[in-house]
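Below are structures written as structure tokens.
Two complexes, one shared chain (subunit A), two partners (subunit B, subunit C).
And now, the complex of A and B:
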């Protein structure tokens, strides 16, 4: 923003402001900025902040009040669902970041156009399938006498009946989150200068050493951000537990849905939801404190 | 195949390295290439499987199919249920895409052209809808919708999906806006344009491809929405994801493979278009 406007002084329209030091500026006055942001604020406060606050208040004031939480923690089903959901989400987060990270790194360094195209296709295909179709495809894959069992049979192995188990749900969650993590980590890896690796190798480091001592430390904030996001999103998976877990696999989404629509017990469902949200927000808050707003924002794919 | 050859300048040093390190390197490279190959296969297999099975001519689901043909696609066209589900989904997704642009685009000027305090927080706060656990969020929306009578209504579903589409629109357009130099507006204003004229003639015109890209992605996001519809939709409100979900819950109807394949093709085209538009905006 040079002194371009300084020589032109007379008869100018009022809209570009002059700063205190006499430079011209296109900065928007605050009251206009506030007016322009009003629609977004309305949506955010009306349909994000207010619902979450109301949910928390409802969970404490309707039904048995704080007893709603006791009911979730004391029922075997509630405890089992919470533990399974949190553990599965942690596992999914670790696997998604590892496999997605490897995939993104290979896309980053791959020099063959065709190979890179196939790797990109693998990242994008699950996005193209959409939520329900993805899970439908995995239902087919894991169904009794399905493709996976037939493949195992060909290899002379015993069939595994995975469908309607927690393992099936975890597989479905990993299938959704690996491309998500790959997408967000690709952006992180793009920001790392490849010549640093060459420099490390030139100084005598092995490939593995160059990656663990140069690339990984540089990528770590992005990896933490991506892992936290994958974990928070995984906690709320609904379609995957419903289709791949069936009635048996204990997940919070099924627990919550049962309490609202089968037992018509909104207070318990709201307490369970608040617990889930609290775990997610604590994780995201921790990530925010560790890596900062910008990194977390860039990690959302 | 994935090995990266070091540039010539370091080749001499690399050659002098100890053989043990080279062996270790080769092992690490092979192991990571194998993991990537397996992941790639696992990610592609379900998509390929569904597309191939959509050409089965069996009336019941079986693997492998006994006959091949276009039976699933014919059934799909004959059954009015799928068409009306798609129609409802599209009728929800279109206003969601338009509204998300109307909500987000003005915000970009606040985020990128003002010094309003907390404007940076908006960037992350605006994304909340897609980073919190959706089944818990759906219960929160259920409580509010029950309170104000939006449960089971068309506009309720539009508003619910809007909360997921706004973050998508914000991600795409805010990235594009950060690449538009403010000097262009300043030059226009110094040359006599009003602020509004400068925005309309320069900033918004440069932003148009990204807004369109965001609109396409917002549309796809809404079309794909499968959780809110289960918590907030009423009887008779059967969107496409809901129809597929309910069908799969009660068994494997082979006609779903045909719908899934068409959806995959349509979504890949839409997302490809969006990526193309976003790239054009970047130039």
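And now, the complex of A and C:
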């Protein structure tokens, strides 16, 4: 290398692997880092950003323009689907976070490896199964003359026909969403020092008080985030409401599907999709505002 | 007892048992009575038949190498671990089966374990709040504690905004605020650097003196134990090897483990010994025969060693002194002091800590004689 080249390397760490003085460094200059994530950015843009922007534009320009949205809100089916979707998702989020949280907390504090392994298996198993398989399993459990009814009969109770009701949909959705909640909350709980609970108990707190006064406040940002995540995913459920709810619990996704494949009305379908997307984004934004950066930082400090 | 802080702390404790209001007469009362406590994890015993009493107002240190069971003992007292057998009595009340919350002990954790989502004032007031102390009274007590611990003006800060020493003081204040019967401290200064540790030692000593608190303190640092303790319990492999005042353990170690671990003594082989009256013995060791104190009652030839502390050795001979001859194998300078390792053909390796001025003219490979003055060597049983 000539004298000119040496002077360049001496001035700035142009090479990604060598500092000016020849030492090896793992830190990349910004432009190199950008190049490395470029493929990911391209995929994100091509498969997420572009379709969503196109969808939003189509919903406003094709058909009756803004009237597409009016049509969704004016149709009784549309209103009902939207309300059902939001309410069911809220209920499912609350249940999934509660159950997932209990599961995650027990994995966190359990000291027996075998028990922990079983609990992890319980969390992971639903992840490994396909959506249809998972829902069909619940169909079998809840069907008339199925195991649930047999059990009730054995206990001398009247059979309940849960299949094709909103309850069945809620059960199926919670079953699917618990692993998401458990996973995200396990990470949150892992960040809470167990000795803080000992400290609380040593200072005079009962087990319950230690959890409500120390563990829950510290986990709250994570719980809110986890709930928002579960809620946003729940909004888009399609298979579960169709398989378990039948005609009883029309979800927004079924409504959209009807407009695409039955009525071939793409403008209305796209407007309904954008509404659903807006609700999801709004929830996530609200959660972020609620948790707040400061509180999040304090919780992890 | 004219100090207003002390008066405040005593006033705060007036609601509890009359132990503090009655003037101590004669021997101080036993606050914590540990009776034949054993704890094992599966097959591994962590504590074996530990018995110990902690007296009113004393600072008792549990000192031992890691794995000796000192932290386990503390956890059993606090209630975080259940004993396999044995009892813990707090002022005569059996607390071994109570939950930690109902034991009325305060605890300072090794890494402070301050609540990160609470301010300094909320941390210190936590125990008071759990005890349903009213808001005004709580604020008064917290203020008192913060003043005592020189934390005024920091009440609104969060733990992460504090220095290590300040966090440590908050942890102390949190354990002291509700005036527990006993305060347990688990290596509370372990995470601090040396200078800060010495400063905090002084503060703990001061708090202990001013408040008359009863403290059980765990450490593996012999120097810290010497600086703080009224009494020290030396632990070894799940048992209490020896209990006593620092001075007593230092000058009259009960056995070779205590002498080696606590007093950092050389343990020299004894050729023969004969027990005399009044805790003395005649001992032949190396080339000399001396009369020295002893803590053994064994007349057998083996099973005893002569413990000679490093600082007992000097170059000047004196009447009745133990003479050690050898070759200088190593020299380490510690400023005013110098550590000399001597290789003796009869006694093996002997380490001496001497005044640097006394070491003038010494060089590696040199043959020298060192002397332990009469009364400095102690004949002890082998542990």
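The rule we apply is simple: the second predicted complex is superposed on the first by the 259 of 301 C-alpha atoms of A that agree within 3 Å, B and C clash if a C-alpha of one lies under 4 Å from a C-alpha of the other, contacts with A are read in each partner's own complex, and residues count from 1 in each chain.
Everything below uses one rule, namely that a contact is a pair of C-beta atoms (placed from the backbone, for glycine too) under 8 Å apart; a residue touches a chain by one contact, two chains touch by 3 or more.
Here the structure is a predicted model, which means the values were calculated and not measured.
Touch criterion not met for A:75: it reaches neither subunit B nor subunit C. Between subunit B and subunit C, it is B that contacts the larger number of residues in subunit A. Of the two partner chains placed by superposition, only subunit B is touched by A:235; subunit C is not.
Contacts of A:39 after superposition: subunit B is touched, whereas subunit C is not reached.
Contact with both subunit B and subunit C is seen for A:201 once the two complexes are overlaid on the shared chain.
In the superposition on chain A, A:54 contacts subunit B only, with no contact to subunit C.
Residue contacts after overlaying the shared chain place A:165 against neither subunit B nor subunit C. Common to the subunit B and subunit C contact sets on subunit A are residues 198, 201-204, 206-207.
Across the complex, subunit A is touched by residues 1-2, 4, 6-7, 9-10, 13-14, 17, 21-22, 24-25, 28-29, 32-33, 35-36, 39-40, 42-47, 49-50, 53, 61, 63-64, 102-104, 106-107, 109-110, 113-116, 119-144, 147, 159-160, 162-163, 166-167, 171, 182-183, 185-187, 189-190, 192-195, 198, 223-227, 230-231, 241, 244-245, 248-249, 252, 256, 260, 263-264, 267-268, 271 of subunit B.
Subunit A makes touch with subunit C in their complex at residues 193, 195-196, 198-207, 209, 213-214, 217-218, 298-299, 301.
Across the complex, subunit A is touched by residues 78-80, 99-101, 104-107, 109, 111, 113-117, 126-127, 130-131, 158, 160, 174-175, 178, 184 of subunit C.
Those residues of subunit A that touch subunit B in the shared complex are 1, 4-5, 8, 12-13, 15-16, 24-30, 32-34, 36-37, 39-40, 43-44, 47-48, 50-52, 54-55, 58, 99, 102-103, 106, 109-112, 115, 118-119, 121-141, 143, 145-147, 150, 175, 178-179, 198, 201-204, 206-208, 229, 232-233, 235-239, 242-243, 252-253, 256-257, 260, 266, 269-270, 272-274, 276-277, 280-281, 284, 288, 293, 296-297, 300.
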